[in-house]
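Reviewing the structure listed below.
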Amino acid sequence: MSAAKNINISLQIWRQKNSKEKGKMETYKLNDVSTASSFLEMLDQLNEQLVNERKEPIAFDHDCREGICGMCSLYINGRAHGPDTGITTCQLHMRMFNDGDTIVIEPWRSAAFPVIKDLIVDRTSFDRIQQAGGFVSVNTSGNTIDANATPINKSDADKAFEAAACIGCGACVATCKNGSAMLFVGAKVSQYALLPQGRIEATDRVLNMVRQMDEEGFGNCTNTGACEIECPKGISLENIARMNREYLSASLK
Amino acid sequence: MKLDSKIPEGHISQKWTDYKDHLRLVAPNNRPKIDIIVVGTGLAGASAAASFAEMGYNVKAFCYQDSPRRAHSIAAQGGINAAKNYQNDGDSTFRLFYDTIKGGDYRAREANVHRLAEVSGNIIDQCVAQGVPFARDYGGMLDNRSFGGTQVQRTFYAAGQTGQQLLLGAYSALSRQIGLGRVDMYNRHEMLELVKVDGKARGIIARNLITGELERHSAHAVIIATGGYGNVYFLSTNAMGSNVTAGWKIHKQGALFANPCYVQIHPTCIPVHGTNQSKLTLMSESLRNSGRIWVPKKKEDSEAIRAGKLKPTQIPEEDRDYYLERKYPAFGNLVPRDVASRAGKEVCDEGRGIEANDTNEGVYLDFSTEIQNKGKQTAYAKGNHNPSQEEILTLGKKWLEEKYGNLFTMYQKITDENPYETPMKIYPAVHYTMGGVWVDYNLQSTIPGCFVAGEANFSDHGANRLGASALMQGLADGYFVLPYTVSNYLADDIRTGKISTDLPEFVAAENNVKDQINKFLSNNGSKTVDHFHKRLGHIMWNKVGMGRNEKGLTEAISEIAALKEEFYKDVYVPGSSDELNPELEKALRVADFIELGQLMAMDALQRKESCGGHFREEYQDSEGETLRDDENFSFVGAWENKGYDVTKSELHKEELKYEFIKIAARNYK
Amino acid sequence: MALSGLFLIMFLSLHFFINMVSVFSADSFNAMSHFMGYNPLIQFVMQPVLIAGVVFHFVMGFVLELKNRSARPVAYVKYDGAANASWASRNMIISGVVVLAFLGLHMYDFWVQEIAYKYCLANPIDETRYYGELVHKFESPVRTGLYSVAFVLLGLHLWHGFTSSLQSVGFDNKIGKSLHKICYAFAVIVPFGFIFIALFHHFINN
């Protein structure tokens, strides 16, 4: 363990007043940042400094700060969620940086994720994809069949869980050189495709979700694999292949 | 005001069934004439919104996050309880009911808790039907594990992400209804006022957090499902945005706020590292199955550790105080959360804390014994009956990794320490709030038409919640209670017609909010919102935290009153009202937290007993355990707001009657 | 892209096989080349299909690239693509364009002249001319050098393209995973084989 120390850093951050106005990179100096701080706590510190200087604080998305809600984003030094793998930005710590570093922070860049303000983007396109088919059509009822009435092969259940672990943060889109959402959609399609409850609507689901994905303006997958590396939850590329299979067989039906 | 809990007559096992059978219904052809607002899209809110929409009502759902999927239910780790008895260990609806009442230290309402236990099985059925990927065994059946405070295995789970999977299930049901046009979803919207017309809840004022626009939304009923208020302490395991505003606004409009002093402090969180810290991270309760909690016996050793002169691994066995094992030999490290938390505070108060931060608060959670035991076991199982120390260590660490790998990695990412080599440092942190808006058996607050569900209400957990019961309650309320009780209420509204948002009540409510916003923006004070929030948190943690006493609470009440004055005089909120303005959002939330904090201190002061998470130092037995006073305090303390000065709030008491459970002292020795 | 790519890989394999023969036997090479050049099924069915396949692959490649670029209208100021994806996978358009340029030259060299030989000049059938033509092409060191560079790029294109096409058609199971190794081997062996053939004729036969 390296003991926490304080470092001074320089930050280049994308500032944009709202979705209509143009934005630009601006530079800030921030001193005495504890290396034990999380990256977002560093931004809190910068904002505190800006507010005290009567300047406008930087808007960025965040909520749970424990890597599960998927709200935080940020493209840090050229990488989604910064220079570490298997984590979200809120789990990134300042000990990954050195005294005197310049850190570049940008919002997710995608036609389907327009900037709302500064580092905040609109990810409702993900919601709309989900609304197009990311569900099992079962109404609330106290009279569905018993949970153990349909056994599910453990390995399928485990794979479905791994796919369902997606937090919908959008790092896959942000990091993909094509701005493709295939990992996100593939994970959702896979979760349901692997479970008997989801099989019934599998054909319509994959067609509808892919149609919606295309309408939202995401790019196409060229299998560079960057999404899998940057995904905070390690969602596998296998899910994209599975979706491709599902899509091909659904198209032929 | 006379509190009527509307608990139906009859035997406890029949109450809900009989009651449900006699509730009024709204016919399918009338439901499209009725609007329902749901604020919050966590387990309770999303499940309620989806269910109402499926029934045919027009639903408007609101969340402050950028998507309903991000509500903080998503962060729940361990699991969800249900009395399915799949493991054949004698579980039943009654046992789940009994464990929950006992775990809550006999401060919850019998009828509500029994209903919760009754529908618990339905929740699992519903979630599986939705495609929630619960953990399964090799035969394809659902797996269970055990949690604190029970003797059965009734906890269903999906790795360490059960909350996430359940929320995504409810979100998928909600998404389906949004896609069908049955739910209008308002992301990045925050409710800032309740609108009452003729005494009934008829709408809300919500702020569009992107444009800053204030919007009027009308409905025939308003459901508040906005979670707990742990962030009143500034540092908690809650999400940064979690707030009490919706609950507090309805409180100020006449809804009673019950048991605000019941707060659950979770024993195993990563300790505070510094003044810029924004959030505390939970390490799952399951770790206490394998870890042993200790601090040095000698104060000097603790001091040396804090100074970096000694490492924990250098403290010999005889100089370690495994204080939970010492004090509670029967349950050891697996005592309930409130008991473990208090014991940790006690040893740190004695100066034996080991974390080198401002407060020196932290204790060790040590896995070395488990590494030895499991390493040896694994070696034997492999036929190696004479393993070397090195082999034992390797195998033991591997065993730990299989079981808790993701938690260990998370710990290492945050602290930069390797928990396989050196003990974890942990300390209690605010986690869940049992108190909340007072509701009757229908989950309706004292404002007609305003219902409150999930953690936002007070109803099911008494003074302490058992692990894996929060998820159960959220989904029970949303899927299986509100659809019935809200329909019963709405049966009167089939002729009402659309509620106009041009009514003077809407105009007045909107103006109220506008005034408050403008006041903040033109205040031009000298300190940031966080500055006040941190100071509030400091008061709350020190005086309304794990150990409370009359003096501290009295001080807290006046300190918070002073803080409130200063806040309104000196807070600086930058920016304008017609844009995305996170500082303004925070200011509006902190204003409500300050008032709530004061009420919590008042509630803690009036409750002259110790129960569950509420520990009054004056009321403990000879061994330092909680001492309830059932004769005088077996009631729900529900507060009525009387305006700006919170100290003028009036306490109403709802007597708790235990007809089917015999009250006893909780004993974990 | 995936299907046309897999089709072109099949063609490439055949082409590679025939060219490799030239290293071992001039006569066999001539016989095979003659068969390919004069068999009506090859000439009037397979050749148009191949051309369609090539055109489709390239046109779609450009369309895909343009669509994908428009999916990110504002570029990152700092983009560390190398941190999570190979150069080959990120630059299919570059390797593709180089291969396309080479293909233009190649078509001019062989196909245009072949068509001219057969149909415009209406030369008589000569079943033994192919080997000589081939050797002649690799006389110039510049041409041989460019040829080799183009194949290195083709190798990179295949390195990503082959496994990628399997992923795109959803072929990702246990067999698919072991196939990946074969794909990578193909991406190395075939282009370098072509280069070997070129160098062989350049140094040995010229």
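Order as written gives the chain letters A, B and C; numbering starts at 1 within each chain.
Here, a residue touches a chain if its C-beta (ideal position, glycine included) is under 8 Å from a C-beta of that chain, and two chains touch if they have at least 3 such contacts.
As the structure is a computational prediction, the values presented were derived from the model and not from experiment.
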item: Most central chain, Cα average position; value: A
item: Pair of chains with maximal C-beta contact number; value: A-B
item: Gap in Å, rounded to a whole number, between the CA centres of subunit C and subunit B; value: 63
item: Centroid distance [mean C-alpha coordinates] between subunit C and subunit A, Å; value: 38
item: Where subunit A and subunit B are represented by their mean Cα positions, the distance between them in whole Å; value: 26
item: Interface hub residues of subunit A, defined as touching at least two other chains; value: none
item: Complex interface listing, subunit A residues touching subunit C; value: 12, 14, 25, 75, 77-79, 83, 104, 106, 109-112, 115, 175, 177-180, 217-226, 229-230, 237-238, 240-248
item: Subunit A-facing residues of subunit B, complex; value: 47, 50-51, 54, 65-72, 74-75, 84, 86, 119, 121-122, 124-142, 158-159, 161, 164-165, 168, 171-173, 175-176, 178-179, 185, 187, 210, 237, 239-241, 273-274, 276-279, 281-282, 308, 409-410, 413-418, 422, 479-480, 483, 528, 530, 572, 574-575, 579-580, 582-583
item: Residues on subunit C engaged by subunit A in the complex (per definition of touch); value: 1, 64, 67-81, 83-86, 89-90, 92, 160, 163-164, 167-172, 176
item: Complex interface listing, subunit A residues touching subunit B; value: 1-4, 17-18, 34, 36-38, 40-42, 44-45, 48, 51-52, 54-57, 59, 61-71, 84, 86-87, 91, 93, 95, 116-117, 120, 122-124, 126-127, 130-132, 134-142, 144-148, 150-154, 157-158, 160-161, 164-165, 167-168, 191-192, 195, 197-198
